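Below are two complexes that have subunit A in common, paired first with subunit B and then with subunit C.
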Partner chain A sequence: MKILCCVKRVPAPGAKINVTADGQDVDAAHLGFTTSPHEECAVEGAVQLIEEHGGEVTVLTLGTGDAEEQLRYAVSVGATHGVLVEADTNQWDPQRTAQAITAAIRELEGDEPFDLIMFGNESADAGGFQVGIRTAMALGRPIVQGIKGVEISDDTITARREIDGGFEVYELPRPAVLGIKEGLNLPRYPTMKGRLASKKVELNSITASAAEGGQARVKLHRPEETVSETVILGTGAEAAAAVVDVLDELGVL
Partner chain B sequence: MSDFPTSAKVVVIGAGIVGNCLVGHLARLGWTDLVLLDKGPLPNPGGSTGHASNFIFPVDHNKEMALLGEQSANQYRDMNLSVDSGGIEVARTQERMDELQRRMTSAAAWGIEAHLLDPAQVKELVPFVNEDVILGGFYCPTVSVVDSLETGTVMRKEAIEKAGCQVFANTEVLDILTDDTPRPNGRRKVTGVVTDKGTIDAEYVVVACGVWSNQIAYMADTYIPLVPAVHQMADVGPLDVLAETNNEIGYPIVRDMDTFCYERQSAGSMEVGSYAHRPILHHPDEIPSNEEAALSPTEMPFTADDFDQQMEEAIELMDMLGDAEIKYAINGLLSLTPDAMPCLGELPDVENFWAASAVWVKEGPGMAQVVAEWMTHGYPRVIDSHGADVARFYDEEKSDEHIWARASEHFNKTYGIVHPAEQWESRRHLVEAPFKSRQEALGAEFFQARVWERPQWYTSNADLVERYGLEERCVEWDNRWWNPITVGEHLNLRENCGLIDLSAFQIFELEGPGAVEFADYLAVNKIDVPVGRSVYTPWLNQDGGFHSDLTMMRMAEDRVRIVTGVFDGGRDEFWVRKHMPNDGSVTFTNLTKQISTLGLWGPNAPAVLGQLTDHDLSHEGSPYGSYLPVTIAGVECHLFRISYVGDTGWEIYMPWDEAGTVFDAIMEAGKDHGLRITGGGVYSLSGRIEKGYRLMGAELESEYNPIEAGLARPKVKAADFIGKEAYLAAREAGAEVQCVTLIVDDNVDSHGNERFMQGGNEPILTLDGERIVDSHGRISRVTTAGYSPSLGKNLLMGYLPNELAVPGTKLQSMYMNELYPCTVVGSGSAFDPEDTRLKG
Partner chain C sequence: MLLVILEHENGQLVEAAREALTFGRVLAEKMGEDLEAALIGRDDDDLVEAAGQYGAETVHTATHDLLTDYGPDAYGSVIAQMVESLDPDAVLSCGSDRGNEFMANAAARLDAPFVANCTDANPGDTWEMTRVQWGGSLLEDATLTADVPLLTCGLHAVAAEIGDEEDADAEEFDVDLDESVTITMVKDRVVQEAGVTLPTAPVVVGGGRGVGSEDGFGQLEELAALLGGRVGCSRAVTNLGWRPHADQVGQTGTRIAPEIYIASGISGAIQHWVGAMASKHILAINTDKEANMVTKADWAVIGDLHEVIPAIIAEVQSRKG
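Take a look at the complex of A and B:
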């Protein structure tokens, strides 16, 4: 079985996210980078599938050379191959990204399509919800988003999606595309040996070519923070008077 | 609900292990009106304490670090927040095995149980170690793991209960307020702290905020020289063998010394920490805020590439780690200083502005106690802390360039094998004598004393090796940072004479109507002496222990010169400024870079100098201790008749800009008298130790007083001086110990090699191998070790209880974990005890 996981290198911020002076990006000067959480689950899911059924997992990302870090991370947790679709930035618009990824997939597949292509439901930074769907459409393959359960039988991929009060089950023919959501599984951490092995894996590099898409980023803006203050009124019985004061102030007594 | 205070006696900035313990210790010492601030939340505000590995290996070669580590470990134990896990330092190389012998020696000095293990014994204690990659281990059962966050909480609560300490988390310091009114002592005064919650007027402000400390110091236009540096750490697991212990820590911690890594159990997983990766330093501005940080501000994003090598080596030592998952990995920040020692004490530039910084968890409670005592008594009582005193730094050591270069250089030596005489590679030639070009032409091998370059020996004297039939030492360690030329220079000085560069002397002057009275207030011995006389004197701290040991010269009715050593210049200048009157009766000037000094000593010294001056150089015309103006080669100089090498001669003080002229004239005059340019190895070690001359920082520390050091005069002057009351009481009580010289009777080790003792702090033991400890807990240990060329023997200095300080007493000293027989010479000199040569 051949599975492809498409992942994106994104900053790993804290609670407060700073924006660069030009408003075009998250200020990552002091941040580490990670893979979008949905995609981490996709990679884990793919690795579990080949552990069960045999086969290979290829991980693909579009971006600069820095994104190799995420490819190697995926290899360190069990992916077989890594493919970097080289671009001048990690932030192409969804249309262009999908076009480049589609071209890369066609190049990788030749006559032998991936049985399953997994995307994250949306990226952790841009949150466009588009690349997986656009790629699937371009490849002419079925796609379901929001997936939190995947099983594979001979010709069929069964995917589960949570809905209010239950879940939906989709059966898709192979090859197909899924948009995975966090919660599909609990992704493993790399082992030390996995990390060291990933350093030795040769990554495949494809030059991305795609025309600019129709979506442009105007500016990122960080909304005003709502600061909530916690005041400890005291402990034990001694706090009672202060509690009464506050309740009184609130007019609930 | 508590209102934010507008004033406080003491504001402590930083609620990590140091700040919390500091308010606790201040409360114990009776302080009240304390405020503790941190910009982060409690109990873990996000500094280095929060991600510390929290273990204490008690053995350190450095006395301050070892004893404050022990003090800290005991405080953690007293709070029941400590577990003795044991710990093993494993060796992969023979060189490391030798170092472990040295560790055994230090363990014996400090009285810490330790055992050398073979690989099988290591495996018995830590079954998952691959014994094939190690040669042995150094096992210390009292290695402990502590709960530093809970300790901080307990100490903070104690301060709240005892002293009403007010604690404000999530409170950021925006500025430090100072009174900048010019004062004769050149110091400003701290007056308050501006925070985002309001301004607090404060009498004292203490910076205890670790990696952010220098940033806070900048707010008051001063420095706490440290830099945030990365220590990488990965938590890997789960590992069944660890989980089965049902314990936070069930196996001894393993330090894989030759790979600069450690493996420390943390419940079901293993923490692998490294000091092996490239130095990764950050400017404090680069540290994210609590809100911006993905984990905490000092748990920065892990740069995995830097850790791969360490992972391979960790797997080599413990195969099971290879299949364990890396659950958590950080670039943890900790504080590094230019000389790898902490920054404690009052900042020289700003009165009542204190540093308690660059302290790790392993020393936190002890060092907090040091600072609390220092603030209370004017001096830390628990231990002499000159090595950590923030006043030790010269201006050249405070720049970012210097801090970064030195921190980068010593980071990888955290687990390194560092020779006692090891020299820095970076940031050399910062301050040089005016004779530099002449010294280089003569083949000077420069050693650096803080920022000053001093020739240790000169290769132009290589012929002396043959003349005196000298040899290299057979063991590389003893030969390292040493050359037989230094012995040749010594013997030539004793036979003819030598000229030694002393330009690194730190020279200050006090001037004004109150100068002599103030000088007398600093010194034990009387400074109000006739003009032209000098006084060799201790300066004491308030408890009567040594603060300094130096010479003072009466230059004029209203002017006193102070000459002290290069390792003490910063501390001594601060001591003067701190205590000087601010009424304008005394001014202070630092003349160090205006006056250069040469030492000319040896039996031919008078004949050499006699060619250059008409001044009467006899003991009548130039008596011992006199400080007289003379003209040499047309240059106005001062001749100071004194000797730190035991032969007659002079220190010659001259204007910096004309020093070369004097140098050339003396060298020329000495041509027919066997004069050789001579290195500092003779001055600071071999010449000194033969004569038993004491050295500040070695024999002379705050734990000892002049009576014990053998430096007390028969009478005590009438004038008041710092420490007088304690000094009088000590004289009344008499000495319990005496500073003595010992001669090593046989220096051949068990392999048949002649050994030459290096360093210090090795234990002096009875013939039964027992440690010698006095009633104050002071340990008899080697304070200086050195070879005496004149006697052909190794000499040791140290303190012994009266009953053992008797000449002829047979004892043993340890060196590299072997015992050597030695004999007490007494409190005087091993060489020329009658000082006949001084009389020349």
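Take a look at the complex of A and C:
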């Protein structure tokens, strides 16, 4: 079985996210980078599937050369191959990103399609909610989003999507595409052996080219901060009566 | 005309659809256009009437033998056909899981841009929008150049509000569908829990790393049950395997909007905050009075949650008698 995971490199901010002076990007000067959480679960899910059924996992990212870090990380947790689709930034608009990824997938596949392609439901940063859908549809394959459970059999992929109070079940013919959400699994940490493999792996590189889409960034900014005059109801257990007064006032008792 | 695609479930408009109609009413006014709506897979009078309460003048209803359930291709295909034959000036839906999914599907079919999760939209030759990034931790000002702008409004970007009540006319829309749209339709549903769920709970009792263990959540469960609420948690907790991911509040979890969120042992990282900020009131319980969750809360108790929560439980029990 051949599985492809498309992942995005994003900064890992803490309590606040700062923006660069020109408003074009997150100020990552003092930040580490990570794989967008939904996609981290997609990679783990793919690795679990090949552990069960045999096969290979390829991880693809579109972005600058730094994104190799995320490809190598994916190999350290069990992916087989890494492909960098080289672009001048990690911030192409969604149509352009999808077009470039579609072309890269066609090149990688030749006439042997991946049995399953997994995207994150949305990237942690830009959150466009569409690159996986556009790519799948350009490839003529079915896609469903929001997936937190995957099983694969000879000709079918069964996928579960969480809804309020339960889940929906989808059954797609192979080959298919899924938009994965965090919660599919708990991603493993790299092993020593994995780390070694990730250092040695030869990454494949494809030059991306695609036309700009209709959406263009002007600038990023922080939303207005909630300023709250926090009322301290007390310290420790003795605050309980004041807390319950508040609950009573709100009518939730 | 601005066309709002309505998400519905169990014969009702979902809250996010009401928000989209509210957002759409303002947008249609800026555009100087009428507000119309579309119902896919149903043509019930109740739903048409509900859309009218939010200002829709006409509701286009698309029913078909193949539209038996939700599916992104079924919805996407109907929306693409509506764009082609109703000739709307823009199409809006809600930024829910489904809303973003079917709008992106329609956009792919039309080979048109789609802007997800707007908090503001200003029409023009080039549209100017403000949209959600990082689940709401950042906003992006963006421009959109498109023949027919397709967009969703972010969840809770506006509060649903009835207005300019219209006696909406229902108009049947003829759709042309083939079996291929059923491939991505829901095949089955499994209900795991009846009753209050995290997104709709009136009270959420949240626990973070400060809860200390899986067992530590017993006290939070007890308090939530007493208040008819649900337990939520931070990503630190799901990563530690103390709670299922379905309980996670935040950017990559659930967005909650309870009457009160009792956040205990949670520092209030920005990715957690964006899932909690639609709460009407917040009470933080934390040992650290400088924690973000404390400074952003309406009320706070400074102290060890393992002492504070049992005391609250005892107090609630004694008042309830």
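Assume the second predicted complex is superposed on the first by the 226 of 253 C-alpha atoms of A that agree within 3 Å, B and C clash if a C-alpha of one lies under 4 Å from a C-alpha of the other, contacts with A are read in each partner's own complex, and residues count from 1 in each chain.
Definition applied: contacts are C-beta pairs under 8 Å (C-beta built on N, C-alpha and C of every residue); 3 or more make two chains touch, one makes a residue touch a chain.
Quick caveat, the model's predicted, so the values are computed rather than measured.
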Practice item. Look at the residues of subunit A and decide whether subunit B or subunit C touches more of them. Key: C
Check your understanding: Touching A:Arg174, do we find subunit B (first), subunit C (second), both, or neither?
Key -> neither
Exercise for review: For A:Val244, decide between first (touching subunit B), second (touching subunit C), both and neither.
Suggested key: second
Point to revise | Touched partner set for A:Gly14, first subunit B, second subunit C, both or neither | key: both
**Study point:** Partner chain(s) touched by A:Lys199 [first = subunit B, second = subunit C, both, neither]
**Key:** first
Review point. Of the two partner chains, subunit B (first) and subunit C (second), which one does A:Leu233 touch, if any: first, second, both, or neither?
Key: both
Revision key, fill the gap. Going through subunit A, the residues touched by subunit B and also by subunit C turn out to be 13-17, 231, 233
Exercise for review: Could you please specify the touching residues of subunit B with respect to subunit A in the complex?
Suggested key: 1, 236, 286-295, 300-302, 304, 308, 311-312, 314-315, 321-327
Review point. Can you list the residues on subunit A that touch subunit C in the complex?
Key: 13-17, 19, 26, 37-38, 93-95, 121-122, 124-130, 133-134, 137-138, 142-146, 148, 161-173, 179, 181-183, 186, 213-223, 226, 228, 230-241, 243-244, 246-248, 250-253
Check your understanding: So in the complex, which bits of subunit A are touching subunit B?
Key -> 12-18, 29-33, 69, 188-193, 195-196, 199, 231, 233, 242
Check your understanding: What part of subunit C is in contact with subunit A in the complex they form?
Key -> 70, 72-73, 95, 97, 100-101, 104-105, 107-109, 112-117, 128, 132-146, 152, 183-195, 197-200, 202-203, 227-229, 238-239, 241, 244-246, 248, 251-253, 259-260, 267-270, 277, 281, 283-284, 289, 292, 294-304, 307-308, 310-312, 314-316, 319-320
